[in-house]
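Each of the next two complexes has chain A plus one more chain, namely chain B in the first and chain C in the second.
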Partner chain A sequence: MKMNKKARAIKKNAGFWYRFTRNKSAIIGLVAVSIVVFAAVFANLIAPSEDVLKQDYSAIMQPPSKEHLFGTDQLGRDLFARVIYGSRYSLVIGVTTSLVALLIGGTLGSVAGYFGGAIDNIIMRILDVVISIPAVLLALAIVSALGASLVNLMLALTVALVPGVARLVRSVILTVAEEDYVEAAKAYGASNFRILLRYIVPNAMGTIIISTTINISYMILSAAGLSFIGMGIQPPDPEWGALLGDAKNYMRQAPHMLIFPGLFILLAALGFSLIGDGLRDALDPRLKD
Partner chain B sequence: MSEILLNVDDLSIVYKTSAGEVRAVNNVSFAIEKGKTLGLVGETGAGKTTTALGILRLLPVRTAEYRSGTIEFEGQNLLALSDKEMYGIRGRKISMVFQDPMTALNPIMTVNDQIAEAIRFHSDGTLKREEVDKRVNDILELVGIPASRKKEYPHQFSGGMKQRIVIAIALVCEPALLIADEPTSALDVTMQAQVLAMIMELKKKINTSMLMISHDLGVIARTCDDVAVMYAGEIIEMAPTDMIFTGNRHHPYTVGLMNSLPGVSGNAKRLRPIEGMMPDPTDLPAGCKFAPRCPFCEERCKTELPPCTEQNGHLVRCHRFA
Partner chain C sequence: MIRFIGKRLLLSIPVLLGVVFIVFAIMSLTPADPGSLILGIRATPEAVAKLNHELGFDKPFFERFFLYIKDIVLHFDFGVSYMNRKPCLQEALSYFPVTLQIAALSMFFSTVIGVSLGVFAAVKQYSLFDTFFSVMAMLFAAIPGFWVGMMLILIFSLTLGLLPPSGVASWDCYILPTATLVFGSSAELFRLTRAQMLEEIRQDYTRTALAKGAPNRVMIWRHALKNALLPVITSIGNSFGGLLGGAIIVETIFGMPGIGTYMLKHILAKDVPVVMTCTLILAAMFYFIILLVDIAYALIDPRIRAQYARKRGV
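Presenting the complex of A and B:
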């Protein structure tokens, strides 16, 4: 059957989108992430920013009401505003650390995978040393050495994430580098750098995007975890993990203080992870119809 | 005698593996004149592709090693060039067409971009966009692909068309030498004929020499001026094409190859395959490599490497003609 060019192009793109949207859990993930992203971007339109820190001792630990949608905390601050503004922290941390780790780990991994030999050995053995320390423990150590702050938290999480990313990228690169079209490109006179940039990395991108999406969810969880134990964002800043850390002392009197930040952590982490799964299914050529 | 373009002399290549040294190419010598085509025939594993990749210096760096010999191309020894100098040779002076068009194209780049890349590799960024565009259109027309389809991706083309694109990329810089590594083996017969005819026509048009690698004697007979028969990493017979297919002074292996071909003429004979397998390249026989399978094998064949003897430009490496 003959199709004109436009129809072909549409069919190709539709193939991916069709497979992605047919996957119910991917759609749930997309919706969940959209909610969190919307909250982060339009936080100042959804809730006034002064509500985040404004204390009201006449209304502490109020359950959810019309005035305070998510109730108030132990200092009478509006929990709705705090959770909404908290999404900014989580998103920034999750996305930034994953992307920076991808940049560093991806570069190290592709160089190691493509050139192999001594370079490969040197890079991978150094990363092995880093990977031999459990990621959370490593992040904890870095934060306690440098002090707890947003930047240090992101630094610690990135360092902990880089070796895993580098390993993944290296293995994908190794597979793609075996392909005939890479050999062919060499025969046409392409330089190593060009081949890596134009042939290998783009062809490895699918797997890398999927893993980065899932990493974002992992980083959001880790950031919340570290903040929960007081090693990340410090109160009164409204990071979700820090909110939980505050709330755990009052969970009998005011369970809503735990539920709402917890719900949003779930929303963000689950959302990115479902999208990652959906992408993997949609991009996997073996599942193509 | 016209000018010699490529002169491979005494080339030996080994692969170092955990199982020992694989002697893939052993003391191979041949020459290709300007505008001529040399066919390289042999079974799978005879060292044909290794020879081809060896000329382009594309063998895996960590395992392959040149043991001896020189590869002289346009007067310079390719083995003595730096990696950087080789970039200027590959694609511009020597190009290669790969066996399987299904995998030889980058699946996520449009055909236009892939051909344009090959042009840009060798233009030092001096060509203008319109010029690159024009050359892409020209070469697509030459290989018979409508220029209107150049913005499409490889998976949107059929196998035969993909091979045309691969050939377009290989020829777009008008190389002096084209190495075609089984260019039609992955295609069906009707496509084979078309693609072969096209290669030959283009070759004439841009006056390039060719090294045609194939296990298909039919392909070789139609396209080559000279034929070299390879066995276990050695060239065991080399002659102008018509001499390979006629006369009676042949290496027993070449005779075996011919007898393995099914004929379609009326007096069809029973096929006579060559008994046995190629020797293990990590443990080659001391004498003639073909001795274990040869019907004429004598005592000295097992211990003594037969010399190359020549008669009217017909080289045979066999004790029977020594």
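Presenting the complex of A and C:
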């Protein structure tokens, strides 16, 4: 019985990898994310860290050249170094906020979905209220109260993301909880905790992983948007949105300042959402067109 | 049906009160007190304390909250700005039309473009048309809107000189801001419509319709689209929240005097009453759009209609 289950699991996983790696857009996503992760991890090998802040007034707003691959900004800083180091901010923000929101939202959602009744009602009604404030607006309100900084930005984005995650997890749990094997586990007297962790969560995992991957992309975009309007990472820190906020003021003189940070945001956001789509198609072939 | 609408309207009271509470709680985390913000750094501590007392800022949190709610409900008074001592609501509302216009125009165009292209792509699955727009939708869903906005300014205003880069002086000032938001949100609607249509086209009832001799065109527009649209309608409502948030950012790029520009200016000055009022107006707007969409949904979906019809009968 146990062997059989294991063998089935392996077969299912093999199919999953096969389907995932055969999916062209998923591979493109994987490559895009790898580039960004590589840039973030090896930033100090790719560009000297002092270049991020080093100002050079003799080379202000230079277009891309051999010395400055992406050109320089209004203070003569090397944009290549700034964009490369910027990937650290976007990745950390995107991944951390999505995972923390998953932890909080996932707990709330599974408790609400599994226990139902009054607990469900209380949790979901509170979340209904939070969700009726547009996410960007909620994040903006939190940052404006606490002050703009990396930690506050991450806190704000997490709070804005939690209700959506909780709703999704709850709906997945509700579907899984109706399966026969959950009924069977209840019948032989497994504890609630065991049923939730052992049977429901693993079976709900697929959908949850997909949405978390897509959330990373969404969080990277939101963080960039808030930093762009000055409500996130503050200059001189080289977050991509903040770089674009600088570029806005010099659009006429230095259009190159606009192009590269934007392309990297696109690369990261597109990468994660393509991986998310690829995972969905691979985990559940029925959903594929 | 009236029961349904009445129930939803009644439900909006606790939700909106909850929204006010959350926003009030968030804004009360602001580490500064109104007295020192209004009087500036040179004011004496006594004067600051006196003003804080007059404004009721020294009262406990819940008492302040209930006073705030009372002023809103009884007098429609959202407080006065710390910056210029004007009533927040009137001033915020004067900036509101620009934001609403951008959001509404974007909602309209992204629905028209996203849904129609989505239907065509699904009908001609795997065609060049489908592949092209699917790839474009993928891209535009991942491009930050504000970047699109700046690229549009760069191309159409600074390089080609076709459209104004900022302001609200004439109608063509709205083209670029609207386009900026439409790219992202029509991409999402396109993907959802396409996926829904593909699912419906494969259903048995569409095959039955074809077998009964209905032309393909009728099957697609009358049978499949009607069912495919239900989730799309919900998504249109939800996307309005994103469009309002997007409008805030877009306004700052195009220098438009909307609620976003107004709000940002006051955020930097820690002008809590103004930020709170703007947040509440936008949240309430979003809530009522969702409400309208839900009602529209109930009107369209015979299942929900029937549910309420039955209840009335009992």
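Structure notes:
Please note the rule applied: the second predicted complex is superposed on the first by the 272 of 289 C-alpha atoms of A that agree within 3 Å, B and C clash if a C-alpha of one lies under 4 Å from a C-alpha of the other, contacts with A are read in each partner's own complex, and residues count from 1 in each chain.
As a convention for this text, a contact is a pair of C-beta atoms (placed from the backbone, for glycine too) under 8 Å apart; a residue touches a chain by one contact, two chains touch by 3 or more.
Just so we're clear, the structure is a prediction, and the values are computed from it rather than from any experiment.
Aligning the two structures on chain A places chain B and chain C next to each other without any clash.
In the superposition on chain A, A:117 makes contact with chain B only, not with chain C. Of the two partner chains placed by superposition, A:67 touches none, neither chain B nor chain C. By the touch criterion defined above, A:269 reaches chain C but does not reach chain B.
Taking chain B and chain C in turn and counting the residues of chain A each one touches, the greater count comes from C.
In the superposition on chain A, contact of A:187 is made with chain B only, not with chain C.
Once chain A of one complex is fitted onto chain A of the other, the partner contacts of A:137 are limited to chain C, with no touch recorded for chain B.
Put simply, if you stand at the Cα centre of chain A and look at the Cα centres of chain B and chain C, the angle between them is 90 degrees to the nearest 10. Superposition on chain A places chain B within reach of chain C only down to 10 Å, the least C-alpha distance between them. In the superposition on chain A, no chain A position is in contact with chain B in one complex as well as with chain C in the other. By the touch criterion stated above, chain A contacts chain C in their complex at residues 25, 125-126, 128-130, 132-138, 140-142, 144-147, 217, 221, 224-225, 228-231, 241, 244, 247-248, 251-252, 255, 258, 262, 265-266, 269-270, 273-274, 289.
Touching chain B in their complex are the following residues of chain A: 5, 8, 12, 116-117, 179-181, 183-191, 194, 198-199, 202-203. Considering their complex, residues 14-15, 18-19, 21-23, 26-31, 125, 138-139, 141-147, 150-151, 153-154, 158, 195, 198, 241-242, 244-246, 248-249, 252-253, 263-264, 267-268, 270, 272, 275-276, 279, 282-283, 286-287, 290 of chain C touch chain A. Taken together, the chain B residues at the contact with chain A in this complex read 56, 58, 61-62, 87-92, 95-96, 98, 100, 103-109, 117-118, 121-122, 148-149, 151-153, 156, 166, 169-170.
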